[in-house]
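Encoded as structure tokens, here's the structure I'll be asking about.
Residue numbering begins at 1 within each chain, and the chains themselves are lettered A, B, C, D, E and F in the order written.
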Amino acid sequence: MNQYTSEKLQGIHGTSVKRAFYIGRFQPLHNGHVMVINMLCEQADEIIIGIGSAQKSHTQVDPFTAGERVLMITRTLVASNIHKMWYVIPIEDLQRNALWVSHIRAMTPPFDQVYSSNALVTRLFFEAGVDICSPIMHERDSLSGTEIRRRICTNGSWEDLVPYEVVQVIKEVDGVSRLQDLMLDDVDISERANMHHS
Amino acid sequence: MNQYTSEKLQGIHGTSVKRAFYIGRFQPLHNGHVMVINMLCEQADEIIIGIGSAQKSHTQVDPFTAGERVLMITRTLVASNIHKMWYVIPIEDLQRNALWVSHIRAMTPPFDQVYSSNALVTRLFFEAGVDICSPIMHERDSLSGTEIRRRICTNGSWEDLVPYEVVQVIKEVDGVSRLQDLMLDDVDISERANMHHS
Amino acid sequence: MNQYTSEKLQGIHGTSVKRAFYIGRFQPLHNGHVMVINMLCEQADEIIIGIGSAQKSHTQVDPFTAGERVLMITRTLVASNIHKMWYVIPIEDLQRNALWVSHIRAMTPPFDQVYSSNALVTRLFFEAGVDICSPIMHERDSLSGTEIRRRICTNGSWEDLVPYEVVQVIKEVDGVSRLQDLMLDDVDISERANMHHS
Amino acid sequence: MNQYTSEKLQGIHGTSVKRAFYIGRFQPLHNGHVMVINMLCEQADEIIIGIGSAQKSHTQVDPFTAGERVLMITRTLVASNIHKMWYVIPIEDLQRNALWVSHIRAMTPPFDQVYSSNALVTRLFFEAGVDICSPIMHERDSLSGTEIRRRICTNGSWEDLVPYEVVQVIKEVDGVSRLQDLMLDDVDISERANMHHS
Amino acid sequence: MNQYTSEKLQGIHGTSVKRAFYIGRFQPLHNGHVMVINMLCEQADEIIIGIGSAQKSHTQVDPFTAGERVLMITRTLVASNIHKMWYVIPIEDLQRNALWVSHIRAMTPPFDQVYSSNALVTRLFFEAGVDICSPIMHERDSLSGTEIRRRICTNGSWEDLVPYEVVQVIKEVDGVSRLQDLMLDDVDISERANMHHS
Amino acid sequence: MNQYTSEKLQGIHGTSVKRAFYIGRFQPLHNGHVMVINMLCEQADEIIIGIGSAQKSHTQVDPFTAGERVLMITRTLVASNIHKMWYVIPIEDLQRNALWVSHIRAMTPPFDQVYSSNALVTRLFFEAGVDICSPIMHERDSLSGTEIRRRICTNGSWEDLVPYEVVQVIKEVDGVSRLQDLMLDDVDISERANMHHS
């Protein structure tokens, strides 16, 4: 028994495979991302998920490592009954916008279609002559990485905004305490340390 | 129907998942690599395949892009009836050996076991306290990237040394002519150009 | 007939050539820059124009590529009847201030005089023992890159603040729509996409 | 006569040397840092002082070069009657938090204990399994680099907040005028230049 | 009187400007390069000369700085009665072949035609769908940078292999002694120093 | 009691301190280096020892980390009864020769004199107008890092070529086995692994 069904093999071996590319930082992967991925699956034979700013981690804006994000995405895809071939690829920043599309192309299998709502990504692929779809974003107020990280930091309610598998990974890597620690300032740390020692 | 069988889900969701890491440049993936991957599958719940020197391409030693190598490996795994969960992750060089193990750990899901026959990789993981297996290499004379690239350049017989899917990918990306072009020197190019123009 | 008149050749071949260096980001070149360049031409035999942050492009602050800026400056110099030899040289950022003067010296022909109103540039050349002139800035409210980019983004009136040749180049490279696209946020893009699709 | 007393030699040669690591940017070294260093000396056999962001200088936030900071720290240690072996080591930024602890370890002699009140440093060493002490910060309002640089820029009173040797070094490297120059904006520079020329 | 004749202005302002791109390291510029440049001038309206490995200098293979090479090329073009608009642009290495064509495009005005006899350059532009001409190389044995640098190091006869202006620049920057110094090994240097001191 | 005698304090506080700079890779520190350091101590008030290629380690040519080399040098200086103030400073490579002298100056306290027998270092400081001494190298055949590393790899006799403290450090960091492991090729590793498993 094989993890790829005949339906998928058709995709991977066919000469007319239609691949879609979707990039995000996934800090963390949330239900808004999953909706986009589901939409991609309906429109393409194979999907490529690029994890942007792969070299970043342990900041308030980019708390999770690339490897942790690979785990979040893969587990969620597995649990989501996705019937398409997928590729999950960490991509380091290049800091040179004019070269970014070539960088993406070098790091991924060939693709025909890009899904993004980011202004820079959209413009760069447009100038490169690539077809872009900007998916409608649902519930932008809550379904955003910024809001989810804010809730994690303030012990708010965040678990319902992300897939169950992401909750699991964040717990396994001690992600809640990591985010809360990263937002402390120096005085907090001294005081906390002081309490421990007194 | 899902690409991950219940056997695999057990791995990905279990708390005691045993992951093995295997890194290579895969320029290109060959049958020796596949033997090692098969061995890993027997000994671990999930396997992580790191594609080293991901930022390199279009040289005689590193002809293929990371994306092309992702394609080679994924297609081969699909065709190989692998019964384990896998991750295929391009990893850029860091040029700082003392930080390399941390770099790998940041880019991948957690793992317990490393497979490598490379002296530097072996030493670095050893100093980091990680268990290493050095698989026995079969038919090192022919099953090596160096030998396979040499044969491609000289129109020798190389197709039997790599999986069928790799032959396909190399053909799709015009890899044979790329390798042969890269080995030309300036005089060759002028002469060839001269012939075309005369 | 030659593009360099005898007057200029005297400069380039003489042993006592006096070269002046002027650096800016030129995002885009505007009439304030041109006034400074004209002043340089009166005081030096040859002028070197360094294009700073050459590696940047496609951001709201640095929208144009180095090549586009080379084109803006060269066309404007040609149309300006400049009677001096000039060099237009893109210079990538180094991110190490203490090495910046050496970086500039390595990328340009030797020079004796620097023109700049930037605090950091002025201080760095001062510490390196180089003569600096800080030209009086005219009409700083309108003759600034920040103001011109703001007007381009908001469909304000900007064409009179830059040379005619710069208007041309910006139009040729679709610069107005690039700047306006880069300032969109995610919601704008989704809505715009939505309208297109409905 | 030797610069290391027998007491220190015991430290450096012993097999059970206990080394403590303390990192800061030291822009500049101030009395708060010195208090921490004194505390370290009471608790460890040898102390390692890491100078962070070593590649930075000539900005309002990071005005001094690594070499200037080495001089500040060394002169102060010498004048402070420190009875312990010390190492003063400039450390360049890596821009990859997940690799930062390995970077520190590669650049320094082995250590067992870390002193820091910085949230990121504390978290990173915690995840690496290293013991961390967060020293109580005294008089945070005045004993902070930010406040001291602000006072230098505005001709306020700052000399009492730093060791005497630091005042010396800042004067020798013309640090006050450097900081004040770096905070000028373009208009100031033009006006000042204008006054000089009129 | 202006440095650009009406003939050239036609090029720079026309909508159908045909630009040719030629890249080399020019260590140093020699008569073989000049022949290619002359050929370009016959076939294009404007020419772009890219100075590769711009960040390198002071090695036996790359002895001259980018600024020195800008000077060599510009002076030679001026003296050569070139009737076409030109751009001389230093280009730093990127170390990522798959991104190199985008890098070149970002640093230069748009071009339609590339001239190169280098295998890698030729292949990369071919894969990017750009027209390439490989000029016939004349007298490759003597008209090569390698041979000219060898002769400079060994006090051989090299002045006839490069334009007169290049001889001038090399002398002005003390280039002969630089190259000869760079090839000394440690023992030579000690002995030479010893002689000086004895 | 203080680690710096009054003799040294005179150096560190005086306005006319004469500092000498000596750079090497110290892979490892050997008796030839120590002879040069002793000579420096006779001729300068303070000495600065720069550890080049600080970011490198775990290769056959650069086996030891910067931190390990700091330890070798510091322990040896302590044991050598050096009566001068010293600074031991790891310096990362910059890969831009034209900026290297500025890089050194930014990372170190000010100095007036450079000691080096390296052709590139000597030339770069010469072009920067700095005084250079090229010390006579004694017993170059054996007192070279290359030879010492070769002997370590082949179980030759190397302990007499380096200070006693360096032998200690190399043993503490398991340096002999590190060097021997790094020189193994893939087949060796497989065979060795095979023996272990059989």
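FYI, contacts are C-beta pairs under 8 Å (C-beta built on N, C-alpha and C of every residue); 3 or more make two chains touch, one makes a residue touch a chain.
Quantities reported herein were computed from a predicted structural model and do not represent experimental measurements.
Of all chains in the assembly, those touching chain A and also chain F are B, C, D, E. Look at the contact of chain A with chain E and you find the same residues on each copy: over half of the numbers used there are shared. When the contact pairs of D-F are matched by residue number against A-E, C-E or A-D, more than half turn up again in C-E.
Put simply, the C-alpha centre of chain B and that of chain F have 38 angstrom between them. Centre-to-centre spacing of chain C and chain F amounts to 44 Å, using the average Cα coordinate of each chain.
Per-chain Cα centroids separate chain A from chain B by 24 Å. Of all residues in chain F, those touching 2 or more other chains are 55, 57, 65, 96, 98, 105-106, listed in ascending order.
Applying the touch definition to every pair of chains gives A-B, A-C, A-D, A-E, B-D, B-E, B-F, C-D, C-E, C-F, D-F, E-F.
Against chain D, the residues of chain B that register as touching in their complex are 94, 96, 98-99, 101-103, 105-106. Every residue of chain D that touches chain C in the complex is listed here, in rising order: 55-59, 65, 174, 178, 181-190, 192-194. Within the complex formed with chain C, the residues of chain A that make contact are 95-98, 117-120, 122-124, 126-127, 133-137, 140. Residue ranges of chain D in contact with chain F, taken from their complex: 1-5, 7-9, 12-13, 54-55, 57, 65-68, 70-71, 74-75, 78-79, 81-83, 85, 87-90, 92, 105-110, 168.
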